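What follows is a set of structures to go through.
Note that chain A is present in both complexes that follow, paired respectively with chain B and with chain C.
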Partner chain A sequence: MCLISLFEAPMSTSLTIALRNEVLTATIAGNIDGQTAPALQAQLLDALSPVTAAVFEVSQVPYMSSAGFRMLLLAYRSLAIRNGRLALAGLSEEIRDTMAMTGFLDFFLLCNSLDEALEQVRNDSTQHAATR
Partner chain B sequence: MTQPNMLQRVDAYPTRVIAGLKVRAGRVSPFGATLVPGGVNFAVFSRHATSCVLVLFEKGAKAPFAELPFPEEFRVGDVYAMTVFELDHENLEYGYRMDGPNDAQAGHRFDPSVVLMDPYSRLIGGRDVWGQQPDWSMAYQHRSRVLQDDFDWEQDRPLEIPAEDLVVYEMHVRSFTRHPSSNVRHPGTFAAIRQKIPYLKSLGINCVELMPVYEFDEFENSSVNPVTGQTRYNYWGYSTVGFFAPKAGYAATGALGMQADEFKALVKDLHKNGIEVMLDVVFNHTAEGDHRGPTISFRGLDNKTYYMLTPEGWYYNFSGCGNTLNCNNPVVRHVVLDCLRYWVAEYHIDGFRFDLAAILGRDPTGVPLANPPLLETLANDPILGRTKLVAEAWDAGGLYQVGSFPAYGRWAEWNGKYRDTVRKFLKGEMGQVPDLSLRLQGSPDLYYGRGTAASVNFLTCHDGFTLCDLVSYNDKHNEANGENNNDGANDNNSWNCGWEGETNDSDIITLRRRQMKNALALLMVSQGVPMILSGDEVGRTQHGNNNTYCHDNELNWFDWWQVEENAELLRFAQQIVAFRHAHPALRHRDHMRFCDYVGSGLPDVSWHGTQAWRPDWSGTSRVLAFLLDGRHAKGGTVVDDDIYVAINSYWDALEFEIPALPGGRQWRVAVNTGAASPEDAFPHGQEPLLQNQQRCLVGGRSILILVGR
Partner chain C sequence: MPTLTLPGDLNSLEPLTDLVLEQAELAGLDTRATYQLRLAVDEIATNIILHGYQEQALQGEIVVTAEVNDQALVVTLEDTAPPYNPLKRDINRVKEDFEKPLHERSIGGLGVYFAIHAVSEFHYEWRNGRNRNIFVVHRTSPTATEGSTAHSAHA
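Coming up: the complex of A and B.
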């Protein structure tokens, strides 16, 4: 495991990125909205470019606006074009509900914990993302 | 040759600072607020304004944080355009102040003290949650917002189901799931409709027609019902605030500003389930009313361009709602075109039903045009090339164009004559048989040469009685509307079956149920496009109110308990819709030719009475039967069963002589509204053989449908 970067966005949103067995793990904490999403997006897209599997750990994200969902979907798209996979771990019930209603949820593998998510993106190499 | 790192554009950089914000001269097209590299591009039209100011607010704020006058060099022609950089567009609201002459007689009503909503707003704030009292101290009520319109549609696009194969279901977004019985997570919303898709599929409809979903103000002309204390709203929403924005109050995520995504997710999901989406659009007037109404947008931007005005500068009122949008002004025509293109391209909408569409054919002084440019433009537009266009072919100014609406080979119409004739026949009125035969064949008297799908057949719609009330009330009962029962139509052609309103009389209840089945059966065996009003399949009642435009209560809400209470009627509706889908003979594209053009030994359609081959067209007849030859289905392009329909609107049973079939085919019973459920309708492939192939008794006020195979 190697720590690539630690990033401090405005409004005290934080991003921790790690690479474990070629799976990128991004742990995000704090709100993801129009203020914080652009910087997060730049960091994440950079970090995603060499990998084909990623897990975003978002259990410490209490609120996500439309900009947040778009950031996630763009991350998904950047992986999907390379037949990659993206799992979300620890998504709150409320955010999950909003994402379902607005059509964002279907794109992601959803997992309760980071370990489960890591397992999923490793095993799920043929289905889901690659078919879209 | 590829290049992964594209060169940045020069215009991604500002050229100057206004009101502390970095800006540059904008792009004049498209109108509205558009995300561009580094910022937001604002473009707005006014022909008669002398100056324009862009006003920026933080979301929900009473006072603006910046006002940016457009420098003269930022105006090209009549368009003011500016790109503003580094805006947090998610938390932004904007509007315009326009200065210019304030001379009502000359048609100008400029007032720079008012902040105006952008008519091209793709997102509108101010009514984010349905029914939530607005802050009336806020001067700027309907607030333009910036939409990030990058929804991920994957492989979706409009379905392009052939129009004659549609079964349309007219519904109100909020009414469909607002009732406590709906058992959905967010009642009354776009998201909730998605939870009910399995129900829509089980009914068999393949197109939902949504009553207005453009942003409107439910508080427009709202009042309190003194009897119940409930608020009477602008509930149906036939009064547009913004033509490019979905109603925030219809979205569970409206408070988060995500109504566009929520509505798109609904459209995508409906499409995935084979259901098209048609929008009821209101281009005949706006929510600004007459000279006493609020100034929201158009009036202050360019009154003389957007509205039809009398020579004295007053508002023409062909809509019955205070003003009339000046649709055949070339600028306004473009607004309508831009709007429809936007909904098709951006929301994947399959079709539109135009409210009071006859207005769209009037010139700027109100005179009906022989060749209305707007209607011609829409009919020939490349982006709308496969979009269904349906006109409500009349207006409140007395222009009635059913059968004569300028169609350009594209337009279909709500067939008001179908409704009137079939209602009269159903209640047993004499003298209807010849006219009924025309309605059953897709009204060739009105639409010959335009195809059967030019006729949208309906017996009920949001205006008027529900199907249940059509067989339960002779007269309207609109007291709850607060207008002394003076509003709503008086020519309902309804019959209460012997008692006005609710009853415990089992004979009357049985008769009413049979009449509802008769109505649904006639609708589904008619050539053309059938349309069902939401709830009619489960006997929804408005207790005799035939104009429930203002009620946010059980008068409008779909009561999901009725799905079980009226399971028999629902089952019949499902079966008769399935019957239509199973039989292409009911879905001809072109009108009948009354001859045998495929060599089957039978004409495409033949007419009968109680005696085969001898229809009774006389003025006292209440009986008609017809035979559709299966070899002529869809113009002879496919082979179907033969279909024989015997319709008896006389009160006693009558014996019908059934025409004989060639080629050893035999008659089977598909539907008999005179029989008790479940023998009233048999699933496709399980129709029992008719015992006597020559004669059959058809009950009083009943319909028998046979299939020959």
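Coming up: the complex of A and C.
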């Protein structure tokens, strides 16, 4: 099954969602801030509700404020309830810094590429559940 | 000294960021210090717009000034929303959350934490009926990133 949805948030931030083999891939491009996060968040949470494994491809996200952290927190919770896993692919160094500073990093699988992330969440969802 | 007067709505975040990035470059801040300053200013501006103006059904402006001197880049945000001092927020409560699993965390406070810790100095003043949030980033030392490097770990 393959599902694709596309939407444009303000400031040309965009989201592309695909579902392949029960793994959700959300490709986000643009800044995630107080202006763009609410619409992104609503779309992502909606898309996450039927799955237990997801990858957010964020290599084209140069900036993420606390509004984006809130979005990640809610996405994590949505999956954790069902023992699901969430991987972030292509996280920028600056965003990684701010996530480390606030204890966010440990909760996500971090991968350099989308392919690596897809492999990780697939392996992981068969092996163990979210523990923290 | 560039000054920008922006309407108190979320569309102003982009021109505000543009000014901050331009001034950071002028001040010769490195990539990391620039990112952290942008984050700090964006967080406070977002709070002013959402909580200071929109939630109170108030209209108002944000006046941004940026000044580069020998020691520092100083960015000031001025607004006419009700008095709000970000430094009053219990940052220790926010920090306690950093040790907790994500499903036990409360959702607020992170923005203010970023605002205060991402810059060398953060000041708040209430003057002539206006809030003034002042962000200082030292030009000579990488102090702006101490907060993050101290905690940055593995991964």
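Quick notes
The rule is short, and it goes like this: the second predicted complex is superposed on the first by the 126 of 132 C-alpha atoms of A that agree within 3 Å, B and C clash if a C-alpha of one lies under 4 Å from a C-alpha of the other, contacts with A are read in each partner's own complex, and residues count from 1 in each chain.
The criterion applied here is as follows: a contact is a pair of C-beta atoms (placed from the backbone, for glycine too) under 8 Å apart; a residue touches a chain by one contact, two chains touch by 3 or more.
Values in this document were obtained by computation on a predicted structure and should not be read as measured data.
Three-chain overlay on chain A, with chain B and chain C in a clash.
In the superposition on chain A, no contact is made by A:A29 with either chain B or chain C. With both structures placed on the common chain, the touch criterion links A:F107 to chain B and to chain C. When the two complexes are overlaid on their common chain A, residue A:A39 makes contact with neither chain B nor chain C. When the two complexes are overlaid on their common chain A, residue A:V51 makes contact with neither chain B nor chain C. Using the contact criterion defined above for the overlaid structures, shared-chain residue A:L73 touches chain B and also reaches chain C. Look at A:R96: by the touch rule set out above, it reaches chain C but stays clear of chain B.
Within the superposed three-chain arrangement, the count of touched residues of chain A is higher for C, of the candidates chain B and chain C.
By the touch criterion stated above, A:L19 is placed in contact with neither chain B nor chain C. The clash between chain B and chain C in the overlaid arrangement falls on one stretch of those listed (7-15, 43-51, 115-123 or 205-213), that is 115-123. Looking at chain A, you'll find residues 33-35, 65-67, 69-70, 73, 77, 97-98, 100-104, 107, 132 touch chain B in one structure and chain C in the other. Interface residues of chain B facing chain A in the complex, by the touch rule stated above, are 88-91, 148, 150-152, 154, 185-186, 189-191, 194, 251-253, 256-258, 261-262, 264-265, 268-269. Of all residues in chain A, those touching chain C in their complex are 10-11, 33-35, 63, 65-67, 69-70, 73, 76-77, 80, 94, 96-98, 100-107, 110, 132.
For chain C in complex with chain A, the touching residues are 10-11, 13-14, 31-32, 35-36, 38-39, 42-43, 46, 49-50, 97-103, 105, 107, 110-111, 113-114, 117-118, 145, 147-148, 151-155.
Listed in rising order, the residues of chain A touching chain B in the complex are 33-35, 65-67, 69-70, 73, 77, 97-98, 100-104, 107, 132.
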